[in-house]
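These are the structures in question, set out in turn.
Paired with subunit B in one complex and with subunit C in the other, subunit A is shared by the two complexes that follow.
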Partner chain A sequence: MVVLNFIINNILTQAAVVIGLIACLGLALQKKSAGTVASGTLKTMLGFLVLSAGSSVIQSSLTFFGTAFNAAFHMKEGAVVASIEAINGQAMSDLGLGGEIAITLAGIFVVNVILARVTKFKYIFLTGQALLWEATLCVVFAWFTGLRGPMLIIIGSIVGGIFATLMPALAQPIVRQITGTDDIALGHLCTVGYIVSALVAKVTGDKSKSAEDIQLPKSLEFLQDTYLSVMVVMIPFYLITAAFAGAEACAPFCGNTNHIVYAFLQALQFVTGLYVLMAGVRMLLAEIVPAFQGISMKLVPNSRPALDCPVLFPYAPNSVILGFVFTTIGSLIGMLISPMFGAFVIPGVMSNFFAGGTAGIFANQMGGRRGVVTGCIAHGIFIMILPAMLSPMLAQIGFVNVTCTDVDTIITGFFFMLIKSVVGLF
Partner chain B sequence: MLNILTVCGAGLGSSFACQMSVEAVLKELGVEAKLDHTDISSVSGQKADIILSGKNFEKQFERITYDCPAIFLERLVDKNEIREKLTPVLKDLGVL
Partner chain C sequence: MFFFGKKKAAADKGKEETAPKVDKEELLKKASELIQKLDTAQDKKEKTALLNEIGSCYFQAEEREQAIHYYEMSLEEDKQLGKAYTDLLKLYNQKRQEAAEAKDDEKMKEYMDKVQNLMQMSKDVLRGKI
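This part shows the complex of A and B:
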């Protein structure tokens, strides 16, 4: 009994161990050699710890930014940076929900396979990080609505599994037009935003004039480099904030360093944290996703893999760049009106790039180059309003200076709140 | 052993999907290799014998130093395209 209690209280509550065990199970089910199982399990655990390290770097940078921002602009609601990566990092390490999130991630896999097997939606969701974000939001909001223990994981897995199966189905009619085949689906939980972009583009655009026929200036190509783009956007935000906050307000953080120089370096720290966190996510998922793919493809014949959004990028590279640019413009408009919806939100550059690029492809497909402009500006505003609405709840849960990006995960959060208020009626 | 690296913007989703397709193709061809995926910012620091990435990244690669053959795909997960473009490179390297 003592041994069992020790295992439950000290080992199974450690998220790194739980995640390692899930990878271990996946590898064992594929009948890998003992050496591969051991190394894969260890690397997965290492991935989680790298992720946590990245998260704490992001958080220390955001703490400076948040304090400087409040000193500079005296806004009642405060400022939050939209970053689903940072949300995941804080939930897994600081809120202590890492173990639940890891098990729910595996649970979402299971529900996805069952739904793909028994319904006509034959989509197997293979974008690991998107599922990790979804698992995070499911666990956080299930926890917020008062669920604990096995019920939290079961309900979280069912809700997440439904989203993972239905969102690719929602996007598929347009994805089919983009790729010209029905072989692959889109597994990226920003789908509702893509549909918004496509609808606006369809109404306002002209499908016959494709954005792909324009010659774009070469200088825009650097935007394809993700981390460089994040820096280009974050540096001005940090510099302007520090300049308005003044040396005195920044002094507790920067010591003898000039506050503008310090802000510049902190903007780079934010990107550093993001880079490290993503490297951790990559290691964390490297063993789990192939295991899931191997198992699910066997269990669900005729299934379609739902893959990450950049799989669509080579089909319409101009639309990707224009989608990023106009979504960013839209998100700056969204930033200015965001306090009316709950919080001042700093745009999430990662999301602007990936979701914005994909929204560009959808918009071009439905409304050509004019559609890309109108559809993506609307998309940019949309993906700022939803995080602003969610952020008071996130702050109440205990997240520091961050809010979500990917809109389907935000809708998951609202879905839980809706259920809570409906159940609360009875 | 042969090192093959697949590359995309964040080094998470599509390069990973591409890696799994490449793995399936290599299995068909009977070639053993060590596969990994990464983001475009990290490519120049990595050791690889072959790089695969999306067509949309081709111009980005012109700014990076790397000393191995690079293949740019129209469709990242299309096994036929991967097989078609990878086979001549594998022959050049003498593994096929």
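This part shows the complex of A and C:
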């Protein structure tokens, strides 16, 4: 009894251990050798600890940024950086929900498989990172509604599994037109944004004039390095904010160091934290995701794999480039109006590339190149307003100066808030 | 009249059965001819175009292993986001599905990894890394 209590109170409460056990289970189910199970389990635990280290670096940088922003612009809504990675990091480490998120991730796979087997929606969601973000939002908002323990995990898994199955189904009518086949689906949790882009493009565009008929550069070389691209956005924001805030407001953080120099270094710290966090995420998912993907595909062999958004890029590469450009324009407009919706939101460059690029493909399919322009500007505004609306709730939960990017995960949050409101009526 | 109708239907069915076989033979013949031309290709562009055409012939003839082989050679030669990519995606998915039905874990992982590599390639091409 003493031993059992020790295990429950000292070992199973440790998120790193719970996450390691999930990986261990996945590897054992695949009948891997003892050595592979042991090394995979330890690497997954290491991944979680690396993720936590990255998260604390990001949080320290964002704390400085938030304080400087408030001093500089006196905006009661405050500023938030759109980064689903930072949301995941803070949720897993600072909010202590790492174990619940890992178990819910496995639970989402299970629910997805069940729904794919018993319903007509035969989609298996294969994008591991997207499911980790979804598991994070499900757990965070289930926790916010008051759920705890096994019930939190069960409800989080069911809601996450429903989104993982239905979002590819929502996109499929247009994906089918883009690819000319029904064999593959889209597994990227920004689907609602793509539908918005497609609808605006359909109404305002001209499908007969495709973006693929024009000559454009074949690539966006300035996006070669992810972290350089993030730096290009964060450094100006940090510097401008510090300049407006002044030395006195920044002094509690920078001491004798010049506040502009300190702000520059803090912008680099943000990127450093992101780099470390993402290394941790990749290590964490490297063992868990292939294990559950393999099991899922075997249990529903006639399913359609729902794959990450780059799977669509080759079908309309010009639309990807234009989609990024016009989503960025839209997101800058959205940034300026975002305080009216809850917070000043700083856009994420990589989100604009992947989500914006994919929105461009959807918009081109429905409304040609004119549709790409109008649909993606609307998409850019949409993907800034929704995070702004969620920000006050995220701040209430305990997140520091950060909001989500992927709009389907934001809608998951709204879904839980709706349920909480409805239950509250009784 | 009843019997005429049946004979006509049988004749039509016969025609339908022979038509695809002729097309497949033609496609395979064309693929063989194009393979002969590979050694005489002037440059990378011509070689890639030939490899894509050979892959396409085998793809339409439903010779999946050969189609995969030549399309993969095409992408080795020149990483482009074109028909080789989109047809390979379909082929890998079909092979993955077969492996899942046969409960062949190794083959399933092999083809899932190939799909992941294709997606990484599309990201790299659009970000100018290739």
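Just so we're on the same page, the second predicted complex is superposed on the first by the 419 of 426 C-alpha atoms of A that agree within 3 Å, B and C clash if a C-alpha of one lies under 4 Å from a C-alpha of the other, contacts with A are read in each partner's own complex, and residues count from 1 in each chain.
Operating definition for what follows: contacts are C-beta pairs under 8 Å (C-beta built on N, C-alpha and C of every residue); 3 or more make two chains touch, one makes a residue touch a chain.
Just so it is clear, the model here is predicted, and its values are computed rather than measured.
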Under the superposition described at the top, does placing subunit B and subunit C together on subunit A give a clash or a fit?
clash
Figure out whether A:M297 sits in contact with subunit B (first) or subunit C (second), or with both, or with neither.
second
Quick check on the superposed pair: does A:P305 touch subunit B, subunit C, both, or neither? Answer first, second, both or neither.
both
Now for A:Y227: first (subunit B), second (subunit C), both, or neither, which partner does it touch?
first
Let me test your reading of the model: by the given contact rule, A:V320 touches which partner, first (subunit B), second (subunit C), both or neither?
both
By the touch definition at the top of the document, which applies to A:A130: first (subunit B), second (subunit C), both, or neither?
first
With both complexes superposed on chain A, which partner does A:L285 reach: first (subunit B), second (subunit C), both or neither?
first
Is A:I184 contacted by the first partner subunit B, the second partner subunit C, both or neither?
both
Looking at A:D213, would you say it contacts subunit B, subunit C, both, or neither? Reply first, second, both or neither.
neither
Have a look at where A:M350 lands relative to subunit B and subunit C in the superposition and call it first, second, both or neither.
first
Contacts on subunit A seen with subunit B and repeated with subunit C across the two complexes
126, 179, 184, 218, 221, 224, 290, 293, 305, 307-308, 310-311, 313-314, 317, 320, 353
Interface with subunit B, subunit A side, in the complex: residues 126-130, 179, 184, 188, 218, 221, 224-228, 275, 278, 281-282, 285-286, 289-290, 293, 305, 307-311, 313-314, 317, 320, 350, 353-354
Touching residues of subunit B toward subunit A in the complex: what are they?
8-14, 16-17, 20, 37-41, 54-57, 59-60, 73-77
Subunit A residues within the subunit C interface of the complex:
30, 126, 179, 181, 183-184, 218-221, 223-224, 290, 293-294, 297-298, 301-302, 305, 307-308, 310-311, 313-315, 317, 320-321, 353, 357
In the complex, subunit C residues that touch subunit A
81-82, 85-86, 89-90, 93-94, 96-97, 100-101, 103, 105, 108-109, 112, 115, 118-120, 122-123, 125-129
